Amino acid sequence: MNPPPEPWRLVHADPDPPFEIIVDDQPVRAVPGQTIGAALWAAGVRSTRHTRGTGRGRGMFCGIGICFDCLMTVNDGPALRVCQIEARPGDVVRTGTM
Amino acid sequence: MPTYDAVVIGAGPAGMSGAHTIGQAGLQVALVDAGPRLGGQFHRHPPAAFHATRPQALHHGWRHFCAFRDRLADLPGVTHLPDHHVWSVEQADGLITVRAVTDLRRPVGVTIRGRALLIATGGYDRQLPFPGWDLPGVLTAGAAQALLKGNLVLAGRRVVVAGSGPFLLPVAAGLGRAGATVVGVYEAARVSRFLRHATTLAQNAGKLVEAARHHATLLRHRIPMHSGWAVVAAHGDTHLAAVTVARLDRAGNPVPGTRRRVPCDTLAIGYGFTPQTELLVQLGCATRVDVDGSVVADVDAGQRTNVPSVYAAGEVTGIGGAALSEVEGVIAGLAIRAGVGKPGRVPRRLLSRRTALRRFAAAMHDVYRVPAGWVGWLTPETIVCRCEEVPAERVRAAVEQDGATQPRTGKLLTRAGMGWCQGRVCAHAVSTLITHFGGRPASPADLATWANRPIAQPVPLRLLADAAPDLSAPQP
Amino acid sequence: MVVIGAGIIGAACAFAAARAGLRVAVLDRGPVIGGTTGAGEGNILVSDKGPGAELDLAVLSSTLWRQFGAEHGDAIEYEPKGGLVVAAGEADMRALRRFAAEQRAGGVQTQVVTADDLPELEPHLAPGLAGGVRYPQDAQVQPMLAAALLLRLARDRGATIHPDTPVIAMRRDGHGRVIGVSTPGGTIPAGSVVNAAGVWAGQMAALAGVRMPVLPRRGCILVTQPLPAIVRHKVYGAGYTTDVMSDATDLQVSPVIEGTRAGTVLIGASRERVGFDRAMPIPVLARLARHATELFPVLADVSVIRAYLGFRPYMPDHLPALGADPRVPGLLHACGHEGAGIGLALASGHLIGQVLTGAEPTLDLYPFRPDRFSDPADGARTGAPTEEAT
């Protein structure tokens, strides 16, 4: 097991055991209480959708639910702001053109 | 369903203090908030499941917040409704109706009614477009902060912090403390402008101490601070790999020969804040344009808007920071109390504190002005509206060829501001560009049209359909 | 000549006049495309009109739009997608068939669609509908882009566009003839003045001393999140036509649903006469949402991300005023198109151009004569003294 990342040590966090969510068929680790967007960011996933016009990649931008850049499909919920949605075990998340 | 004595929208410093003040008088208050926990953006903190025993390491004023939170929890009349995204506010027959959706995964409609309303919806980072700002890896300063404070996730390994305003310091300091390599802070304003406001600054010693502490953190983590510099472009193929920074002249134009490329994986950027005023506009509340160019609620000494029983506090009345927001929340709460015959005298020291903090905010806005030359950073292809992918050249064509001389026509002809975010991100930039390309100077009314969002949050059609109370009544 | 109003109707008139070689100035009290045009869906419909003068106008205009679209289709997002009117029950379906048979006599192409064939045309329609009628001539255009293009084409032919230039008086000579307009910035002489001021056309007519009973009829539209194509046609319920033709002041809501090139789905249509009240009525939006999800259940979980409202220039007999005003020489009207202004714009401009150049109009303009609501007193005012601006 890797040592906990710096921010966790800094605030003496002792999180509940992590779980996995599935992002485009790949497992991604999430800590209970984290948003899907944060879990993806922590895992190095920067691009979370493709734009409708030019097809360029987009990722989280405002992080607080304002900009709608981090839209993804979560389970069957289309076009959800993943910066606003807490991850749950077994979530199936997909990038798409939105 | 109960009718609350007051509904408070927004659980940041202004909303919390407002709800607390109202609740103290034994009144019933609904504290409605989009976030999962109390505190808003300023007091954003990790969820309980993280079991953080030393959150103060990342949270300025943590103890103050905890005490506040506990006092609020002790008031039986205050009901906190987290994860409630308000899409509409109406007033009829002296009653306020607030409509929200909760649980974004499977949205459920909620209707909340109250006799008075305090709007404390805060603000979000103001952005200026530049080439490459739509690349994954470019974040708002607020996003970097939310990732860290709310999720304990570092925004990046090599981070550039840029933009303008006092908020950049805590963002850079937090990232540095949490282990990121902050390559540099590029503050567009010149710190020398502070000298003009020496008296105001001296009267706000607390703020100076806070800034000094952040500067000390930057020093400790060897984070260089560049005043009068800006990020003028971002580079990368599929995600951010570098930014171009440049020294700015007084007009905000890059000084020739100063451009240089800075490798980084993350950029955290923001040029001040934009207040969230759409709920005020829905109710027909009067707005004005504040010194920083933001559209804000026009309130009186008691934080009253011109619409009866509707109050506003915090950033929606003018960007001024957490301390001012908290004071305004208390004053609004007292005014709401007084409105229903409860004790509501506002202590004089509170009023003078508000005056001092507002003066300080005005000085800050004067120092940290948006660099006017930013329009020169754009190329014709630079996206200005991220949602609808509208390039700068389309805005230029709409103005020059089609006479889109003000925001409404500009929006209709280019689709800028018509997408998911309804212009929240691009309004300031598009307004400025329209004027720059030959449109008329944006009037307060022009600017206010951007905040006209009759549906403030996306709402599924099935829930909107439920908002028809008259459906069961016989139709004429 | 002067055109008052830089909406779709004024733009079409300016384009036709400029193309005919006239010197044109387009004036608007506010920005260009700032009124009803900017709040519309861009309908080019023949399907909602019964036989008569308006249908003749609509058929002519639909042909002109098709020609215009062939040349400029991409710039104005012209889509000849066709309309589909659906009936909930057998009674509605019988009425719809009857209506379609009448329309056929007026030159409208119609195809009766059985309940079984509906899913092939619109896969996401609610099950259990009784059938419908398809109208291949119905089309859609992005109205703001279309108006902007018409203005640009007029300008290319020498027209000048003057936003933020309200007309505060009509200049008239000793015989009562209109010889120009007055604005706060000065007077503009003109051989003729076309009143294309939309919901404000009544005020412009009053400046010339005549009555034009245009009233605002409010409509709201919901805009969904961008989606992959779900709705192919312009789809509406059989009750829509009845609502359009109604004179009621109270609220009427019938479903009108269509996709756009931007991916959003637009949901209308409400009609109510409430003056210029700009407060967004949530109960009206709720009823639009209810109707839309009844017709397309798949939309239930789709989010509305915006809503907007506008004011249709309503006329008591649902016909626009088109042509020269016999009461005031030099004054022409192209106004009162209610909710059909985009669709009827090109024909209106075309006919106004013919009147201005003395050509024989393609259609008989008698049903559209501007003085048909005239008070007896109007005639007496024809020779009213010149109203001069200071």
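Think of it as A, B and C in the order they're written, each chain with its own count starting at 1.
As a working rule, contacts are C-beta pairs under 8 Å (C-beta built on N, C-alpha and C of every residue); 3 or more make two chains touch, one makes a residue touch a chain.
What you are looking at is a predicted structure, and each value in this text was computed from that prediction instead of being measured.
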Pair of chains joined by the greatest number of C-beta pairs in contact = A-B
Kindly work out which chain lies most centrally, taking the average of its C-alpha atoms as its position.
-> B
Per the centroid of Cα atoms for each chain, what is the distance between chain A and chain B, given in Å?
-> 23
With chain centres defined as C-alpha means, what is the inter-centre distance between chain B and chain C in Å?
-> 40
Centre-to-centre distance between chain C and chain A (centres being mean Cα positions), rounded to whole Å | 47
Touching two or more other chains in chain A are residues 52
Chain C, residues touching no fewer than two other chains | 225-226, 301, 303
What positions in chain B touch 2 or more of the other chains?
-> 388, 419-420
Partner chain C, residues of chain B touching it in the complex | 88, 90, 99, 282, 284, 388, 398, 401-406, 408-409, 412-413, 415, 418-420, 422, 440, 453-455, 458-462, 464-471, 476
Contacts from chain A onto chain C in the complex sit at residues 52, 78-79, 98
Would you tell me which residues of chain C are touching chain B in their complex?
-> 6, 31-34, 38, 144-145, 148, 151-152, 161, 163-164, 222-226, 250, 262, 267, 279-280, 282-283, 285-287, 289-290, 292-293, 299-309
In their shared complex, chain A is touched by residues of chain C numbered 225-226, 263, 301, 303
Spell out the part of chain B that touches chain A in their complex, as residue ranges.
-> 34, 36, 41, 46-55, 57-58, 85, 104-106, 124-125, 134-140, 142-148, 150-155, 177-179, 238-240, 386-389, 419-421, 424-425
